[in-house]
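Below is one structure. I have some questions about it.
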């Protein structure tokens, strides 16, 4: 029951064409549709100040992704994640003006125009973590938030990280991706006074257990400003950092 | 080498009482002390806009906690976490004006005066999760951030959560604590457009594995605005939420 | 907003004392209260045909349990689970006519009167599993469902189980508790054509991992009529079996 | 030894053509064949009111599946699960009138005619969980039980689930499949007064651990009417729900 | 139905006092009782050539253990395992002539007289493993099998083990208990041509995970004559070794 | 130093061509060669009463396996395990008279002639476990021990197992392979008075964790005559059972 | 800020072209560049007495590896690890004089000339562990440290290891690689008075869990001179052993 | 057979009082005693250049520890580890001149006099890790190796660690203990060109899993000079570092 339907019903009660008891009964049944209605308003709000729906291309066919992407792109900025290169052509042709980046495996078009309080820094320990970082960067850019790349600053060579400290302190939030021992978020967390979103990556072998070692390390960080997302979840980290940057 | 020492050295170089080569050598050795110096400045900055050092009382004796707490309380607001009731008396007597809360097991005095953009909501699924929430609330209050308690709104009775939706949407960030299946952060994440800091709790038995089940659930949340901290880490969740609320 | 309030609002619209626009606005805001309303009706329904709220005494003080139990007992049958013997006296005195069973660690009073299609059999492998079974039996009895005890019928002595086959086949559902290797539900599942609710117990040592071994075995049962609840969750198993027995 | 053989033996004892001692000896040896006999009767009973044997095609060649399926189809309804598309042609040709569904990867023919008390609802959180749901639906349909599909109602968008509440409350049992954080069964469990059979799916990545995260969440559900089957086990969930629906 | 009852039934059929149809019906019902009967015979056989029922005292009260032990001791040799010292007095008084050993935590009386083909060697890596070994030794002695103790021969000092080689080669089977890295069974397995029953012990700390490290090591032994029992299961290892020694 | 060299050295001491001090020195250095010598004798003994070296083909090239197999086949019976079909041709051609079995993936020639006390039964729960069983059977046959196949007797249809009880009781040891919940060894262990060697198989999905569920179940068996080998280790189980059968 | 820049700054202060206050300010900002400077010196030192940067080829394209390798080879010895054979040609052509070894999957050129105190022994249990050992050997050789290969000395045939004892005792450190039960480091640790670097390998199946079983065993070694590196990390083990051998 | 016995045997062969064949036979049997003999020499060597036997007091009674300690102290320096305070008095009285340290829970007397090439640095992240460090320090001191304490230098405040860099670079080996995320060894490893022995500690809660998180992090260190010992194993770390420091 949307607002128009509700208004019509009440008018009929006023006019006497619908008895009061029947109106009570129908309104008692209605709320979920109304909730649906509000949820739709929520979606509009999300579109305005948050993020339009993002397409996770994994486990979908190129045709399915293309259809969904085209529909979403009609209403605002578009972001497709985890899009394998072999599916990208079909989707790019379906959405005129979209661009595909094979490193982050994202496809996008447009960006939101909500002002942010400042940039987000996106760091990683090694070059193998770059694809996860780039997914975060793509997410931030679609959200209209500036991303500062601070890559290849692993803890075994601290001077590399310390040399980039000014970029870190400019940021309103910091995304830090790391595989193997996952130590970088703790070190970064000690250098900045902002929230650090840690992303464990599946980079490593043997006892890295596909990223579990890094995940556990990050959850146990001695820096209290560190929170954690799922392994390789660059999108989630970028999204939360973007929300923070907007204030 | 602090600023005075540096200034003295340079003055001596200018005066010629220290040869240039020796100054070069001493300055090459100096940076760590200087870093130490800057780190101290960082501490000051943290005090001003972040959070003074927090005392984790676990694994410390009452006397140790009292000594540290007294020293810290001399410079600003004080927060002691995980303070067992049997140690609280000693510490409270050591810090005049401090108050102890046995539910959150925190002791504190004073609060910071940094303005925040808005409140933080703190939710939990069941009453057993309340101590973890109260640790987050205590942290927020010492940070000077308003905390909105939304307790006992577990997903098995959705209407309780939906009835509190207006408080959730007022918040700049939401802390959500839950044990057992850890589903609440996903549901809250779907209702708000702000970052959700999920805290798995050790509430449960058997296959809850001391909170691991809730932790895994939260890391796999289908709501992209959810990040996660360690099991029972109410302090960390409150701290990050407080940083976000300050913008 | 309950039915009376809704009716009043509509009457005022009809009378013209509330403008139609305002009524639309208030009704759009209302649904959660209405949902709350319906949820309350759900509770009534649950009371009538399901199960009144059950008190999990673990992590609650004797006084807290007593207060909650007294309130609930005013509206219908009462079941308190995981009530340690040292707390039982306080609670029993608070609820006149209640009885405490130290084996199942349950306290109860009264039973529901919803008719069931038939009994539920409750089996276990060894005597150490009996407390879990008795929790299921207590739950069934409060639900008003007959429970058939088939105890100590572990798979290492099949004849004991086969000798009780007639009881198993009489049941509308079978609860099977087992620790160690957790094999009993598969064997029972092969003997009956009804749902089997398997309860892994924490009975065992070493590689039983506190019941995880039995849990995994039950989840991998080759009998397709087996479903599983959490370790030592006799209440949950009894409750689901009771729902099934009611048809 | 079936009933005829037993009768013949006893007649020979009466006639004196078999000495009493020999009859005692043969009867002492006999019970397993008799048990075998009864088990066969069980099979007949299962066929009549339960479920004929189901073929799990995984790890079998197309030729093996075809041979087994043809034999089973001669005696009643047929269900083959986990049949890869590349094997389906051979099997479909072997069983005249059978149909193959590539989404659920099931092949079937016919359905049972045992009356049920009502329908079963089959829900899932996301579209990636649909194949598991469809396996449950196929199982229910072969059992002759009506299945109500309630798909794509994940907890991050509650209004979608609440809008389908009427279908859920019509059902005698609800199958709920979910990957990632596995929260949906708890939410559904709180909305209905019937048994919920939760199916964790392997949908997810990283810390989802191939479905273990969802599995643990479901085992720890705060809704007491939830029981759990193995990861991706749509058949098992459908089968148990079908048994419940028959009452 | 035991042999006498069966004989009586058949005699009545012959005499005509029981109609043939009734006899068929009763015999069709009988097998489980008959199976029970045979199982009873099995027990007798076990008593004769195997092992009488053993009492696991863990999780039982002293009174329960005493009652069971007295009953079993009336029929043959007695073995009680995992009997805590504080319960031992009650049980020892209940069974005249029994002896309690606080190291193995076993109580026993008598021994079986089945001849064995040779002795069993019982080895362990360190002195902390001795209680587990002594449980195996007690089991062997009650079975009437000679046990050769080869203790404190850990792999970090190979000469100790090699010096005891002659005892190992005399044995028909070898029980090897080890905690920590659990390497001893592999080394022993390479020295003897007999079955090695490996018992992981919970001796260790940290990454020994309560014996899981040793358990995994033993399951992966490069000596093909090694099989494994549960952590700390000295009884099981001794029992299987005793069965092997009997040939 | 072999026996000839030792004899020569002593003769030279007697003759006085080697001084006694030098002989002492050389003999003090010698033991490892002597140990080597004895180890060689061990090998001979193993060949005579145990098992010649077995070739594990996994991770070796066809050429490597062929070379090793040809060398070993020159000295006695040959067994090659885990030989993939695509490598089998090369090896079979290298060893005249050898036969390859694609089910067990073994290649062999000849058999040992050590007499055994009786046969070994080899059981499995389902047809997917047959390859593991056949590896055990091949091992037993090369050892010259009779193997009794008791296949497809899973616990969900007990009558199948009970009907084969006579074969089980004839055996001196029983190998039991099972995947999924791994319940069969416990049931078999309760039926026989002989050692049961349990082999968990990797048959299953989801929470079977590649055989870990079955492994844990077997380690926790309530039948005390069950010992366990590694997942899918049919060779090891057959080897130990063969050693037991030889007495 | 490197030494030249620092000298220039100070000279300008002396000359008066830079005010003292500005110099203080710039020097306070400078340390990280200075640290970078020192870190560069560290690199030089590492080159002189440690190890030049090593290229991990995994997850890099042949072209990327070739470019990095050519650049590094211009400054000293070169080591590339985990270089798949199909990428080796490109890299070998890029670095004139380099050699590729397909067993260790390393490519290298040159060696360091730092004197060592003695050799390093590199042991393994079986031939499947040889590739990991050869990676350690290649690392040692590039470091200019002599490597003694002691291969195929698994604990199931101790005489093989004992026969090589003299090589072990010559070594300044011992690298020991083993899969399956990972017992070899403990045994070697008991034979030598030098550090043992244990490398678990992923050789094994089933309960070896991809090397976790061996890893746990090594961490629990009863020989106190054993330390452990990641699964299959031959490079790390060789590197640490090389550092130790240099004294 | 020791050297005297061997010499006697050979003399009797020369004299003809022992036939040559008998001597051959006895010498073939002898080697293990000879090996035992050499092992004894090894012990002497260990005493001279390594470490006398260390007493692990855990799981031993005070009386047992006292007896062993007194015996060992008669032959050289003494180290007892993991000695609980309540047992310390008995042991200290048994060994005149011994001292007990309640922080490291070690008791010792004397120190070895083997010269070392330089000191060992012992670092830790937080004050809760100090007991583990002090166990390493005690071990080093008994070995006669200088220990440099570098405590409370966790990665969340890098300046503390960098300020201590000169001590780190003086050391021949570095022991690094850390709980929680276990990041410190990687950072230290990047600062020094010497072996780093990492000790995970059980300091932490929730997802630290009793030190497993730190252990995994350390095994995955991106600094190649890091090796790892068991959780809380300060003794092992100190011992290996001491061996390295001796060159």
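Things worth noting here:
Per-chain numbering from 1; labels A, B, C, D, E, F, G and H assigned in written order.
Here is the rule we go by: a residue touches a chain if its C-beta (ideal position, glycine included) is under 8 Å from a C-beta of that chain, and two chains touch if they have at least 3 such contacts.
Keep in mind it's a predicted model, so treat the numbers as computed, not measured.
Note that among the pairs B-H, C-E or A-C, A-C reproduces the D-E interface, with over half of its contact pairs the same by residue number.
Chain pairs A-C and B-C differ in how many C-beta pairs they share in contact, with the greater number at A-C. Our note on geometry: chain C versus chain D, Cα centroid distance of 24 Å, whole angstroms.
We define each chain's centre as the mean of its Cα atoms; on that basis chain B and chain D are separated by 50 Å. Centre to centre, using the average C-alpha position, chain F and chain H are separated by 40 Å. For chain B, the set of residues that touch two or more other chains comprises 32, 35, 38, 157-158, 162, 206-208, 212, 215, 219-220, 230.
Remark: chain D residues 128, 157-160, 162-163, 165, 203, 205-208 touch chain A in the complex. Those residues of chain H that touch chain A in the shared complex are 125-126, 154-158, 162, 179-183, 186-187, 189-191, 204, 206-209, 212-214, 216-223.
Contacts from chain C toward chain D in the complex involve residues 35, 42, 45-46, 49-51, 54, 117, 162, 172, 193-195, 197, 215, 219-220, 224-230, 235-237, 239-240, 243-244, 247. On the side of chain G, the complex with chain A involves touching residues 32-33, 35-36, 38-39, 58-59, 200, 202, 210-212, 215, 230-233. Interface residues of chain F, counted against chain H in their complex, comprise 3, 6-7, 10-11, 13-14, 16, 20, 23-24, 27-28, 30-32, 34-35, 37-38.
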